[in-house]
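The structure is given below, and queries will be raised subsequently.
We call the chains A, B and C, going by the order they appear; numbering starts again at 1 in every chain.
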């Protein structure tokens, strides 16, 4: 297994390399420069800034320098906040996104798994249609609609929570619900599908012929196979959750990595954008790896190859 | 077997239903029956058609244009003259939503068409050629899959300007991957079946085999996933528009309307609720329709 | 119920099925899979049920344990009396008490009948876990013994294996072990050798025969292969299109077949000429 993990981590390198290169060149080749929106920049200051960030060097040189730094783990100074490094900014904002992601994941699992299991027990009846429809609502109401709606109902009308912010524990609730809703919906549908697939298999009939109770069949026979699609889905899902939805963080004014990234893109904060993208890419790869390991553990027919 | 029947004479039962049980139906007719029985898919289809007709045909019948502003009026809640209210510039919201629907739905369909074409061609080629070519092509898909594509789309839109065409390219570029994978899977399962071998033995050219024999048999999953891609695309467009990266004024889509609504949430909540409702319902019905199609076209999923 | 199964006098009726009818309600109409079938089996007896695909033989036996999905299937009529209990109409809890305990079943395809996600050991001892109040450790020991009895080498480590690590023949042995571990009174075997290689078929049949003699259980043997029936069963039922065409002791059926279908069936066996 260690060889498998090591190999996957090695495979991460070319992927990250491609990401870094693509991003770098998109940024550099795009029209406009990082300081165009700053109105207070005089030509001399601009020259100094460019020198500070190495923008006056030839492009390939900039690329090389950047890569060299990245390998050392240094993502460079932020363009927008020159006296802060990207590493710092990510270090500050990521834990917040991670926390948001954690609560959202909890919501998603706590709602999605039971809903999916229940609806798989009696397909095409009310017990199926109701959770399924609710799940569908979760998928189809985009988080940028759901978020403001929840704010409207619970903060503005009922006054149970604040409109935005991240200081109090109560501030976690609405964002987690908003972000978690869509994931809960997908988890519910995947669980339902996985369980239905298992229930149609012969070995469930064998279990019934042994006199197993319905509860036993669900818990001991069906779940192990039925949850496989959900686990597969969790890899990219968790990566998405943890980096925080750009939208949710924007709506609720949460100082997480997602919001920093979007702002950085708008402000043409090159290094910040690059740093965030690389970080995001690495996270996805790592989570997919974890998920693959878990999948092999759960499915005895798979082996590490 | 026929010898036995001669010995036995009539089958033991006189029940007519037993005798004519096997009246063959084609795959499509079967599928249509199954779809028609799906309690969620049929209303979804109806609502979907209604919304589409309203968006594209509705503005002809309504008196107000989406440009008519009435600054004295400002934003008012739903009333008799303005069924869904007006926005901050006094424009009728219902009309704006209908026009927005035209854009959103068009983007949905066109971008899906782009993704569909690329995905089908790529997937069919990869699956049909097999071997190393297939492995390589799928590797490329895997690598692209691993990239945080939404991130790139955002970057693309931010840095290369917010042109409408770019929107199609960006969205289509994200969506074709899944379609390619699905098509390839289907093609692979068909590739080595005997009727393809027979076609090859007859000397049909590869191209002809692909277009006449393989693609028609992959139509089922293609239709299903195309139907499920449209809402995905619409969601992506709305998301980009919400961030200010998608459709630009004076054009508006549901995403743009939602963005405006979110900004004015505290005072004029209907500006968010109605466009949100339209978008959500459209996505909802598309997804249910897609689900229904999947259940109808997949002979394995026998739930009756 | 945690009593051991008592041994009973042979010759007594163990299971009696009267007027069983199973209909399937499909879009194409009602299919009478089983049409007014009656039979019985005595303690220790081996009853063969022969018929081609679609004759209703499997459906009839599955319905005894209520394993037919209802819808679209429906038990239209009939009684199946086992130990004073009507299997078709008793409450679910009562049926579950009997299944896997006093009546057990083995299925045609050992590949799909075992749970690929569970260890063999857990599956073999599961009937004990469900029906007897013994500890997991104790049950595990019984499981090891059971595997040994069906001829699986190195049972101790094999208990921890997964189904995909076994061959088809071994998997069927596991199924047999599972179905006999509670020492049932009746075993229903649905084409247990059909999915196996010819060489393995004989071994598995031998095994079933041996276990049956040791434990004194009755066996319902469903098959489309008449050769097996002739060597194995005391009595035979021949089914076609949901009905019983003929029921007789094996010898009588083979040497004096009454129904022309049976004569035709026998004429179709190359080995007999």
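Assume a contact is a pair of C-beta atoms (placed from the backbone, for glycine too) under 8 Å apart; a residue touches a chain by one contact, two chains touch by 3 or more.
All figures in this text were calculated on a predicted structure; none of them were measured in a lab.
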Farthest chain relative to chain B (centres taken as mean CA coordinates): C
Interface with more contacting C-beta pairs, comparing A-B to A-C: A-B
Separation of mean Cα positions, chain C and chain B [Å, integer]: 49
Whole-Å gap between the CA centroids of chain A and chain B: 24
Chain A and chain C: spacing of chain centres that average the CA atoms, whole Å: 51
Touching two or more other chains - residues of chain B: none
Parts of chain C lying in touch with chain A, wherever the complex brings them together: 65, 67, 95-101, 104-105, 107, 109, 112-118, 126-127, 130-131, 162, 164, 175, 178
Chain B to chain A touching residues, read off their complex: 39-40, 143, 146-148, 151-152, 154-156, 158-161, 231, 235, 238-239, 242-243, 258-259, 261-262, 265-266, 269, 272-273, 276, 279-281, 283-284, 287-288, 303
Sites on chain A touched by chain C in the complex: 201-203, 205-213, 216, 220-221, 224-225, 298-301
Touching residues on chain A, where the partner in the complex is chain B: 14-15, 18-19, 22-23, 26-27, 30-32, 123-124, 129, 133, 136-137, 139-142, 144-145, 148-149, 151-152, 156, 246-247, 250-251, 261-262, 265-266, 268, 273, 277, 280-281, 284-285, 288
